[in-house]
Amino acid sequence: MKRWFPYPLIGLGLALLWLLLTESVSTAAFLLATALALAGCGTLLRLRFPKARLRRLGSVPGLLRDVVVEVFRSNNAVARIILRPSREDARRSGFVRVPLDMRSPHGLAALACILTATPGTVWVDYDSTDGTMLLHVLDLIDEDAWVRIVKDRWERRLMEIFE
Amino acid sequence: MPDSLLLMALVGLPFIGAIVAGLLRARDAASGVAGAVALACLGLVWAAYPTVSAGGVLRAEFAWMPTLGLNLTLRLDGFAWLFAGLISGIGALVVLYARYYMSSDDPVPRFFAFLLAFMGAMTGVVVSGNLVQLVFFWELTSLFSFLLIGYWHHTAAARDGARMALTVTGAGGLALFGGVLLIGHIVGSYDLDAVLSAGDRIREHPLYLAALILVVLGALTKSAQFPFHFWLPHAMAAPTPVSAYLHSATLVKAGVFLLARLWPVMAGTDAWAWTVGLAGLTTLLLGAYIAIFQNDLKGLLAYSTISHLGLITLLLGLKSELALVAAVFHIINHAAFKCSLFMAAGIIDHETGTRDIRRLSGLNQSMPFTARLAMVAAAAMAGVPLLNGFLSKEMFFAEALTADVPLSPLLNVLPVAALLASAFSVAYSLRFIHGAFFGPAATDLPRTPHEPASWMRLPVEILVLTCIMVGLLPAATVGPYLAIAVRGVLGADVPYYSLAVWHGFNLPLLMSVIALAGGVMLYMLLQQRLKGSVEGAPLIRRIDAQRIFERVMVFVSWRLARRLEALLGTRRLQPQLRLIVGIAILAGAGAVWLRGFGPGNLPSTPVDPVLALIWMVGAAFALGTAWQAKFHRLAAVILLGGVGLVVCITFVWFSAPDLALTQLTVEVVTTVLLVLGLRWLPKRFQVAGEKGPEVLTRTRRARDLAIAIGAGGGLAALSYAVMTRVPPELLARHFLERAYTEGGGTNVVNVILVDFRGFDTLGEIFVVAAVALTTYALLRRFRPAADSVGIPEQQREQDGGAQHEDAVRPTADWLLVPFTLTRLLFPVMLIVAVFLLLRGHDLPGGGFSAGMVVAIAILLQYIIGGAAWTESHLRLLPQIWLGAGLLVASGTGLAAWFFGRPFLTTYFAYAELPLIGKVPTASALIFDIGVFALVVGATLLMLVALAHQSVRGHRSAPRRAAGRAGEA
Amino acid sequence: MSATLISAAVLVAQILLVAAMGCAALRVLRGPRAQDRVLALDTLYVNGAMLLLVFGVRTGTTHYFEAALLISLLGFVATAALSKFLMRGEVIE
Amino acid sequence: MSQAADLPLWAALPVAMLLVVGAGLALAGSIGLVTLKSFYDRMHAPTLGTTLGIGSILIASMLYFSVLQTRFVLHEILIGAFMVVTTPVTLMLLARAALYRDEREGNPDAPPRRPPPTKD
Amino acid sequence: MELVVSLAIGVLAGSGVWLLLRPRTFQLIVGLALLSYAVNLFIFSTGGLRSGAAAILSPGETGTLGAYADPLPQALVLTAIVIGFATTALLLVVLLAARGLTGTDHVDGRERER
Amino acid sequence: MQHLVVAPIVVPMIAGAAMILAGDRRRRLTAAIGLLSTLTLVVLATILIGIADGPAVHVYRLGNWPSLFGIVLVLDRLSAVMLALAALLGFAAFLFSMGRWERAGVHFHPLFQFQLMGLNGAFLTGDLFNLFVFFEVMLAASYGMALHGSGVARVRAGMHYIVVNLVASLLFLVGVSVVYGVAGTLNMAELAHRMRGVTPHDRGLLETGLAVLGIAFLVKAAMWPLGFWLPPTYAAATTPAAAILSILSKVGIYAVLRVWLLLFGAAAGPSAGFGEAWLLIGGLLTIAFGSIAVLATQNLPRLAGASVMISSGTLLAAIGAGQAAVTGGALLYLVSSVLSIGAFFLLIELVERGREVGADVLAVSREAFGAGEEEEEIDEQEVVGVAIPGTVAILGFAFMACAVLLAGLPPLSGFLAKFAILSTLLASGGTGVPATSWVLMAALILSGFATVVAMLRTGIDVFWASPATRAPRIGLIEILPVAMLLLLCVALTVGAGPAMAYLQSAAERLHIPADYLQGVVSTPAGGPGR
């Protein structure tokens, strides 16, 4: 099983990708989707794509919901910042160093996607020796608050899933 | 023997002999072949005697280019017969002479080969029955004489002499070619008989003068007439047998042969008399005068040859048939005595090691027999009575007294000139004899002189005997042959002339006597002067025609040419591009201006404000690119990407989704390519406060701006004009109608690409393949410039000088997340590629864009993962993809042959597969898969080869540094 | 009604998007530094993809969807290469 | 544009709104790209477009075509997914490059350098 | 609309020609790229400008010029794009090679003496 | 049997693709494929010359589509002759390259095959855009050929060559698209038909497009002042590449002959003779410049390049004279000059090799073989053949033959070709020969003289003034192709009658292309065979 489906979720995703692309649900499409998904996973295997030990998939929907909410919120916030240049002087942007406990590349990638997808934060750098991440924040009021947000809201839950 | 065979043999034998002789190794065999050929030719000439003497003409015609009036026409009349006899007869003697003259160290087979080939060419000239064919052989004589003169090419003299001879005679030959073309145009035929019978037409034609000048140019250059005489003395650098042959009976006689040949049709006008007569007269005097002062025996003979040819030319220039007879007679006589004199000079040279008259002396004692022979020949040259030269000279005197010349003063000049020239000729003949044979025996000669081998003397003896016999019994010996020859030229209108030794006391005789006496006196007067070491004739010594010629040649053919080339051409790219673009604009604008065009037949569509706005952005990008490309290359690349995006949107806007897909993928790859290249370009910074451009630069820029605006405006106008009209019948109609029903696809663009016009696509992928192979080959030899060899400073700083030893894993932390994400994207991109490929026939997509997507997917792994890592995890084999793609695509086309259909005929059907159902199977899809594979392979090959330069650079940088340290 | 509404919305959206492209173009032109230009190009690609999607709504066909799809999937490769160049001085090591 | 007439108003309204909002967000982001003062600040601006902006338009498109063609048209999801995965790659690389250059040129924008980690 | 597109072609071509006449190889290659855009659009435009009429038939249909944009220029542009891409790549490599061998990025392979 | 028409394209196509798959390391296999392909092409061309010698043209409908909208190949006498020239030159250059040059870089052989494919395609196609594609195939491969072996001179000249041709290709595209936009077709025969029906206010536009197209052709034909790229490129290219390149400029001439005569020939109605004067003037100026360039150089390769320009100019001017008979002569000149210039390019290297024994060759081979670290080092001894006795004599004779051919002197075909042009030029005019004919006559004769002077100078310099201290080492396989090409010129001289008759009828059919138009347009319009 492991040998044939090294990346079950990714395989599923790839199959879905095919079905969405072709917009078809025929037998042929399913067969082809399966074949392509298998082949795709094969290439990932060749690329030594790290295999994830996924746990607690149940918390994924909640996480996604929070991400969406956060995206809405920060979109709003950043749009305000941009469109009201009068308050520009009051705003302070800056870097925050966040010590991370997570080491899983999947988790880190997911965290990067989440942070980038929420306007106002950008993942700038990561140091693997001590696991700190450098974050740039557009509206930096309290550095510690940001560290907490990242660690509690995202890192902890991602670690639950990926580690 | 049939005429045609005889004539063919006469012309062909020497050439065959030349090839045979050239292939031989042995000296005797080569000379034997040459002698045999010459004698055989002589025999052939003799065989033709009965016909010719009866007034007949031997003719043979072979089709060559009949549509253009050029046939191989061989025609032997009396005149040609005489020449053919001279050529082969004297040729035989020269061969015999040369057999003993040439050193055994010389590669004589080559010598005899050239000699025979020359003989063939010369024979070809005289037996040509077609003027173009005559030119053909004429130039051949120039060519082979060039080889003969340059035979001893290790000496500079031989090289210069040969070059000069060919330059002058070759140029004359080209002029003659022009003249012949004109004659052909006037007469309507190049056939000699036709030309000879069209004399009046030619002389009355408005083009007569042009034709005359061109023909005469040919003749004068060949016969070394003033002002083209200078090449002949330098041709003396040839081995003496060559001089004896070329300058007595053959090469230089070709010119006068031609003048005589065309005499009936071209002579008789004032123009003829002026050009030919004046050239002859000048040459006669000048040659004789210079000859006196030559210290070299052969030089003396050379100028004497020039002078005697001048005499013949002058005779031909006079409006008198009798003068023509005299000319022909003198041609024979001159051949005999001049050839023997050259041979004698050669013997002297051969035996003493020098030809310098000042050094030679008293040879009469050591080689008495040769001395006697030479004396007789020289006397003939001087016009001493009882020898052949006297007879023709006397005829000349008679003509000089009675000739009909266009201008009366000339009438008075002519006898005086004749007398003077004759006296000169006596003087130089005396000098030849007296200088070489008389006086005390010379002591400081390089070799001790003695008589030559008797076989070497035999030809001289024969020739001298001829001189004497003709001189004594002209009517009995040469009479019939002269008659035949003259009749060959003049036909039935041969005037009365008498060949007798004694014509009574008359004015010509008196002139002869005066000339003889004057010549002797002149020689005695000049004795002192001639012993002085100053070379060259007084008064005109400074006027060295050769130097003038060389100067002119160097100036015209070298300095002037270089200057003109620099002026009219360029080796720089920018002017070339300016010209091409400028001329294209002018051509387009010119056509419009001349023909004009009306309004289109389509109404303009309303302006879409969105696209207009998009193009405002696009225009900003384009102008920005032009602005930034010099100092901010990266900015230019980015701006170019912006232009690409706007173009892509435009394609979408106007219903071209396939184009948009292709444009996008190409855009991405092009950007990456350009950025890959940036690393190897020199850093270029705008220096702050730099002085403004110079005025010149500013004008240049203004001009370029004008061209750019012209090109932009022109193309805009043209596109507007084309867009607003639609032709009544568009090719595309058929495609739209048949794409599905006959092409089996709903995406018409794709059906066009893989089916209707699949041949274009097939060609296109071969373009891509060729380019990929070229870039790959070029990059294999890529050498970065010194300043870009090193590792970029960013890497040096970031890596702290440490090299990535572990190439299997990208180490940097900052790449950690991108590395994960891009690997994840790899299969995604592949699946999208498969999607595009499979749907192409029916919906936007297709092999090309699919291939590009795969290439980009791999490229991304290269960018993020690094070259070493990517290659250790993916087996790419771009060349296999490339080759396979080409084979699949062309193989699909080829498969149609097996069904009896033309190349690239497609096939499609719906196959029923279990579980899946109806599946469209089209050979066009296989074709598209070929395209796909090719694109993957080619793009990867190019990108990877370029990417590898960095890897190679890294490897070689430390090595180079080490090497430099080692040298120091 | 729907047609008017949609076409008005499409027009407004397109003009807004073109304006967005204009802003990005301004940044590309202005710089001042290379990373600004690269960022702006990336933005431009995204704006372009959106414009194509809106154009799809305008024409009512999905034929242009793949163009937007390719922009979203591949557009970043160009900007990634540019960024890598800025960071390391060469694109592929 | 003829197809749009077939669209019921209940669908047309949200479609129109989403289109305008999405485009507006994209514009806002791009304006930010122009107006914000430092590069690091500007880096945030385009994410308005890449997240909610394009999201709105994707939803509008899905809704529009789904209703119009009376089937689920979902492939727009892919664009969203691709955006989410690809945007970080560019942004991280860019940010890192900017950071490096600022560090090297000693710009005040850059965060203070940390002492180099002792690797042993 | 024709006017807008032809102006666009003109601007692209003008910028391209301007760069084409510059002395640096990089300017040259960028100029050629701009010119290729101009020419591709030019070819494309000769078929006339039709919006929303992509030549994609429904199965079984025989298309007409009234209903669809002219697909032929599109096919020609596709070929031109591909060939243009290939030659741009080649030119890039050649100018890099020239730069490496001659040491200069001047189009003549040597700096112009003044 | 009918597929013979497409075979000259298919054979090198498949051969090249197979070579790539075989890989560059399998030299024997690649060489064998190459030999097979080039030989096949020679045989094919011979057969096609025979086939084309009939009243009708042979039309091959690719993809089995009707000739109206599919792409067609058209075989007539002119294309058959051009195919034969390409095949012969290709065969000669291929043999020559086996001596050493194939090893000077990677992928020589497939590029060579693509070059032949492009040439043959350009000569056969009856479609204007397809002509563009094959131009590009030919050019893309020629870029590779011109750059083969790399090195400063090659890359420097190659860059100019590429840029100029890219610009010309863009002009080509502009021209073609105007044609489509105004006339609605790409098929040349169909276009010729439609030219007659174009409304007056569209005609000007169409002619504008064709004028731009013409400039593209003339750039490739190296007309002055558009052809300065030619001498440096040809001079810098490796020998076999230069030899095969020498037919490339003739493709421009071919295009002018084909397209211009088809569209603007005597039968073209109001457009007849469009731009004729410019062809003539441009040709004359090209002859003049070529002659100057010939004189201004002592460097053999550049001299050869300048000779190519003279020959281009001669052909353009002869075409510009606008008479079928003159065109016939021009075709003879074309054949003769392609063969002789090809031979000359091959010969030059052999000659120069003997000249400065060692030095030159070493420099070249160091550059060609030594530098690349991955490239295998080649032992000089292994590369160069054993010196044949009499090598210098053979080279000298070959050189003289080339000189005579290029200068248009007797006894070889160069003279007959010039005669053919000139005599027809004068013959057809009756009494009122136009002044330009006289100028052309003078130009032809003077350019011949310039060539004589230049060749004489360099020939004496090379063979006589600085004779080789030892005979150059030349492989038989290198001298063989030179001999072959020169012998072909001899054959052309001897068989001038039949050759001229063939070419004359080719020219007549070019000037009055009724057969061509009829043949293409009336080809049975069967649907695809399914």
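The chains carry the letters A, B, C, D, E and F, assigned in the order they are written, with residues numbered from 1 in each.
Keep in mind that, in the parts below, a contact is a pair of C-beta atoms (placed from the backbone, for glycine too) under 8 Å apart; a residue touches a chain by one contact, two chains touch by 3 or more.
Remember, it's a predicted structure, so these values are computed and weren't measured experimentally.
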**Prompt:** Going only through chains that touch each other, what is the minimum step count from subunit D to subunit E?
**Reply:** 2
**Prompt:** Using the mean of all protein Cα atoms as the middle point, what chain has its own Cα mean nearest that point?
**Reply:** F
**Fill in**
Greatest centre-to-centre gap (Cα means) from subunit C is with chain B
**Prompt:** Given the two chain pairs B-C and B-D, which is bridged by the higher number of C-beta pairs in contact?
**Reply:** B-C
**Asked** Relative to subunit D, which chain has the most distant C-alpha mean position?
**Response** B
**Gap in Å, rounded to a whole number, between the CA centres of subunit F and subunit C** = 48
**Prompt:** Could you state the distance in Å from the CA-based centre of subunit C to that of subunit D?
**Reply:** 10
**Complete:** Here the gap between subunit E and subunit F, centre to centre from mean Cα coordinates and rounded to Å, is 28
**Asked** If you average the Cα atoms of subunit A and of subunit D to get two centres, how far apart are those centres in Å?
**Response** 15
**Message:** Which positions in subunit C are in touch with at least two other chains?
**Reply:** 14, 19, 21-22, 38, 40, 58-60, 63-64, 69, 73, 75, 80, 84, 86-87
**Message:** Show the residues in subunit F shared as contacts by 2 or more other chains, in ascending order.
**Reply:** 129, 133, 136, 140, 143, 147, 150, 155, 159-160, 163, 167, 174, 177-178, 180-181, 186
**Fill in**
Multi-partner residues in subunit A (2 or more other chains touched) are 17, 21, 109, 112-113, 123, 125, 127
**Item:** Contacting chain pairs - touch in the sense defined above
**Value:** A-B, A-D, B-C, B-D, B-E, B-F, C-D, C-E, E-F
**Of subunit E, residues touching subunit F in the complex** = 20, 25, 28, 32, 35-36, 39, 42-43, 45-47, 72-73, 76, 79-80, 83, 86-87, 90-91, 94-95, 97-98, 101-102, 107-109
**Asked** What does subunit B use to touch subunit D in their complex?
**Response** 794, 797-798, 814, 817-818, 821-822, 824-825, 828, 864
**Item:** subunit A to subunit D touching residues, read off their complex
**Value:** 17, 20-21, 23, 71-72, 75, 78-79, 81-83, 85, 88, 93-95, 97, 109, 112-113, 115-125, 127, 129-130, 134, 136, 138
**Asked** Contact residues on subunit C for subunit E in the complex?
**Response** 58-61, 63-64
**Prompt:** Taking the complex as given, what residues does subunit D use to touch subunit B?
**Reply:** 82, 85-86, 88-89, 92-93, 96, 100, 104
